[in-house]
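I have a structure I would like to understand better, so I am pasting it below and will then ask my questions one at a time.
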Amino acid sequence: MRRLIGMLALGAGILVGLGIFAWAAYEVVDALGVVTFAAGIGPALGQALGSILFLQLLFVMLLATLLTLAERKWSAAMQDRIGPNRARIAGLSRWSFGGVPHIIADALKMIAKEDVVPESARASKLLFQLAPALNFAPIFCLFAIVPMGPPVTFGHLVGHRLVSISSALQISNPDIGLLYVFGVASIAVYGVSLAGWASGNKLALLGGVRASSQMIAYEVALGLGLVGMMMAAGSLRLDQMTQYQSQGLFGTSWLPAWGIFLQPVGFLLFFAAAFAESKRTPFDLPEGESEIIGYFVEYSGMKFGLFMIAEFVEIVTLSGVITAIFFGGWHLSPFLDSWIHDSVVAPLVRARFSDPTLIAPSIELTMAVIFTVIFMVKLLLLCWLQLLIRWTFPRFRYDQVQRLGWRILLPIGLLNVFLTGLLELLDGSTRLLGVVGLCELAFGLGLVFWTGPSEAKSEGHGLPTEAVLGGHP
Amino acid sequence: MSNPKRPVPAYEAPGSRPETARERAYFPELARGLAISAGHFLRNLLWSRDPSPDVLHRRGPNAVSTVQYPEEVAPYPPGYRGMHRLVPREDGRPRCVACYMCATICPAQCIYIEAGEYPEDPIEKYPVRFEIDELRCIVCGFCVEACPKDAIRMDTGTHCKPSYDRPSIVYGIDRLLKGPAVSHASDVWFKREGSDPPPEADPHPIPERGR
Amino acid sequence: MPDQPNVPPSSAASAPSGPVAPKPESPAPAAPQPPKAPAGFVNVEIDGRPLQVKAGTNLIEAANQLDIRIPFYCYHKKLTIAANCRMCLVKVSNAPKLVPGCQTPVTEGLKVTTNSPEVMDSHRAVEELLLYNHPVDCAICDQAGECKLQDYYMQYDHRPQRPAQPKLLRHKRKELGPTIVLDQERCVLCTRCVRFMKEIPGEPQLGVFGRGNHEYIDIFPGQELTSRYAGNTVDICPVGALLSRDFRFKARAFYLSQAVSVCAGCSRGCNTFLDHYDQVSYRYRPRENDAVNSAWMCDDGRLTYHRLVEKRALAPMLGRVGAGKPAAFAEAVATAAKRLEPFRGKAELAVLVSPQLSVEDLLAVAQLAKEALGASALYEGGLADGVEDALLLRADKNPNRQGLRLVAKAFGLELRPFQELVDAAEAGKLKALYVAGAEVPIDEHMAAAVLEPIEVIVTQAVHLDGLAGGSDVLLPASPHAEDDGSFVNFEGRLQRFERAYAPWGESRPHWALATELARALGFTWRRASARAVWDELRDRIPEFAQVDWSDLGPNAIRRPGIGLAPAAADARPPGYRERPVQLKARPPEPIQ
């Protein structure tokens, strides 16, 4: 029970910490935006710099680093173990801090290890050195278009002139939106293939080849999975998709029009394909750490560390994209959104501030911070889900991977596109999409919870009973 | 199952059962698998671990079966005998007479003996070196069975302590010779002082000749 | 061990042999009427099996020919009959009671029973009585593993001792002399030792004292057991009463493997078993050969096994005393060749050869000296002469001087005594010296001092002392226990010995070293084994021309697949000790 209370307290502390982080992010993004605005080059550059600092360098990298530990601690919890808990900070502390010092130990190890360039890689040393960066960079860049917080308008006095500057927690918001995701994500395979080839090791090369063919197989399903949501939202921009999902389904205010409800099949397609792109366990054939040897077998030290951290960055990025597209971004539901605004935030702010000119901006900023925290929590839960999948499922065989990609996901994706297009033609609103999507969800859940008649009669896997054998002789 | 008299197979292969519709649909089974993992995760995350060293008797929802070794030591089973010791005599010398029976029978060949000679003792032979390589020892107890002098016993109830280097796990007489002294009524030192016959041993003493 | 062929082999047929029955031309059919025995032979039936045997043979030997083993303690083939242990009691058709097998000669038509319940019960009873006062301290007894009390107890008695009076306590450790220690408690009073001392060396230093239950073996008052042959009493003692002070507590007998070997202590060349374990020799035991050493050997010879294990040169060394440092083998050989090269074919180069080397070693060394080094003479080294006696000991303490003579003659090399080498060295005529076997007849340090001025000394030596320290290049050689080979003893008898275990360290046989040296000097000789050397060079020696190496000794039938290098931690492959030593004519069981 103590541990339960402690965990709840820890969760609350994490929420508060995320809130503080979000608030600081808004303030800094806005401040930098004002600085560049005052310099005459518009607020966008400063806002982007602030977002890069807070979202990518702090949020994504810290989260990816913590995930390296979470991978081990959470997998331990799933497997009834404890996980790493022996590292101590300078050997002084009695407590293991949940194993957090292991992160420091790992980082030190990675950095301090010898950076080996094998004899076989000497011929293409430049490419050998370049490959980890080529793998890491595109994945890292992907997060640029993830909208983490809604735009907030701040009023500032710039040179005796009052200006309103709108700041959002999103580094960049291009019109091509999702196409950027597809394009940049595809580049990552170059790093992997290059690593396999430049190592001059035939096993590494095979790993790289496996990686590229797997990526090609799932690239199509990846795109097709999102086409439905693009058609529904009528936009490629992620902030507009988020906006689209803030409405209620069937005119109700409690059921949000999240992508998962409108496009459950699309979600499954995209999730499976994205998982395959991230090369994690059900699809980890390119690496095959324990048996078949992957593309980074010749890498050591921090170069290997880049490959590893890229994997976790990809988890975070993927979670962000999915949150924005399928889980309503920072929205909960119309009812909850307005309830938080009207019943929680507005009275508190009104009680806090007496100056009426401050009330409206404060409410807006507070709501934005709360929305950002909601987004982050959704993102964290999706990260957890990915680790859960990674530690539950065994690896596919290679022919199964290819069959799943080409013969199952691709036809289903095409069907989904046609179906969604048909429904959109029949009814432009979310109504028909929602009905079909919920039916699909209900069918899936029914399959999960349905115990068929064969289950009851099942002999199990043990010995046949005497009745089956016709009694003992 | 055409022949009812066919021998009962040792196991039934899982493939012999037809797959249900849900299993063929695949995703529902994945979801159930995830539920199991998530259940374990939440149990182990939210409830604290029973630190009882006896794993089988742990209570509570937490299912972690780890024993944090140096702090928690799993209890030995009731029949555990433990590491061997060289049994001392009442005077502190080992009972061992360096007969090599233990070294001969040892299936791991982990016992090394070098024999020496006492100048004055009813038993002339003793081990100058008696070493057991605990890394090779398989604790089978054959040496105890083979010993004709009750000089090696496995009754310490402890196990070999781990070490960072190999030489310190080769146990010599200094570390093996411990525990309570043992003597039997048939022991030779109850009959004579040294290798010469005691004067009262022979009712018809023969005069000592030409030493 | 039967007789070895003499050199020349024509004399082999004249070598005396044990009481062996002539082989009938056709095996005797199991017919009620056995064929008439030849003159001097009689028909007997042992356990229902017919046998023709020489009249006067005792029952133990006769049964032995049918592989029927009658147990005994006091009987020894080479000693007089005492018949005091009563272990060999068997039933015969012409006596109402059981008779001792050792004392009873065969007669025509005699029917002998060795396995009836009556006989077995007699064996059991005798065994029980012999164990009446035996302390059963096998745990600390060196004889355990080769003890007849143990063997016969397991075979005939095999039951616990009946409650009786306390066992008699006697001296457990009486040092009889420099080599022997006596445990009177273990003694079964077979008197083999007493008879041996009286009959073989003729030095009756042991006797039986006391009466009845209080009998014991001892030395006479005021004397010590000082005979040079006292060690044989340890061998013939059927129990652990008489023990060697040298071997005592060194190793358990059941660990030891035995190799067929020849004593290198003197030119007699007594046939021996070399007992070894884990590449270490522990003792010599005499091996029966009526033509050479009967069943005995001297204590001096027994102790020569120390030379197999002590002060060994195990790595090549470069540089003389004080500056010597270990070197790689190839480097040492190359250096030796380079240093010897300028002196090839010149009179300033001398070759010193020791008669401690085997014939095979000498063949390779002589070929090297003659063909590679261009020498015309060999200087004869070897140990100085010592004590000689009428029984076995020879004054010449080198096992192979005759072999050296034969080899030198065959290669047309003149043999010069060691003194001439000393003279030449003192006169400054020598600039290079190649030594095969560093034993010298004069004091080692004196010899080293005399040879000091010589510019180049290349030595192949087994030991690190003496000449070895004064050489520029020292190549480590292995002694005869570590390779196959043969010696020619003082009467011209060629005797094979076998390799007991792999050479120690980096040492290699002399023939291998000589061959390597020749290759370094530009020759293309290749030899894989001592056998190869023999096959290559035998024809150069007319006396050897008709001798088949395989006939000489046991090595040709070495069981394949069993290596001599340590196979397990105890260096003893399973069953290795039990390896049958099959010889051309299978001898009767070795008799202790």
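Letters are used for the chains, namely A, B and C, taken in the order the chains are written, and counting of residues starts over at 1 for each.
One rule holds in what follows: a residue touches a chain if its C-beta (ideal position, glycine included) is under 8 Å from a C-beta of that chain, and two chains touch if they have at least 3 such contacts.
Please read these numbers as outputs of a predicted model, since none were measured by experiment.
Among the chains in view, B has its Cα centre nearest the centre of the complete protein Cα set. With centres defined by CA atoms alone, the chain at the far end from subunit B is A. For the criterion of most C-beta pairs in contact, the winning chain pair is A-B.
Per-chain Cα centroids separate subunit A from subunit B by 53 Å. Inter-chain centre distance (subunit B to subunit C, centres taken as mean C-alpha positions): 44 Å. If you average the CA atoms of subunit A and of subunit C, the two centres end up 85 Å from each other.
Taken together, the subunit A residues at the contact with subunit B in this complex read 1-4, 7, 74, 76-82, 268, 385, 388-389, 391-393, 444, 447-448, 450, 452, 454-455, 458-459, 461-464, 468-471, 473.
Note for the complex: subunit B touches subunit A at residues 1, 4-5, 8-9, 11-12, 14, 17-18, 20-22, 25, 27-28, 30-34, 36-38, 40-41, 44-49, 63-66, 68.
Looking at the complex, you find that subunit B touches subunit C at residues 97-101, 104, 109, 115-117, 122-125, 148-149, 188, 191-192, 195-198, 201-202, 204, 206, 209-211. Contact residues on subunit C toward subunit B in their complex (touch as defined above): 137-140, 144, 168-174, 209-210, 214, 216, 218-223, 248-250, 252, 254-255, 568-570.
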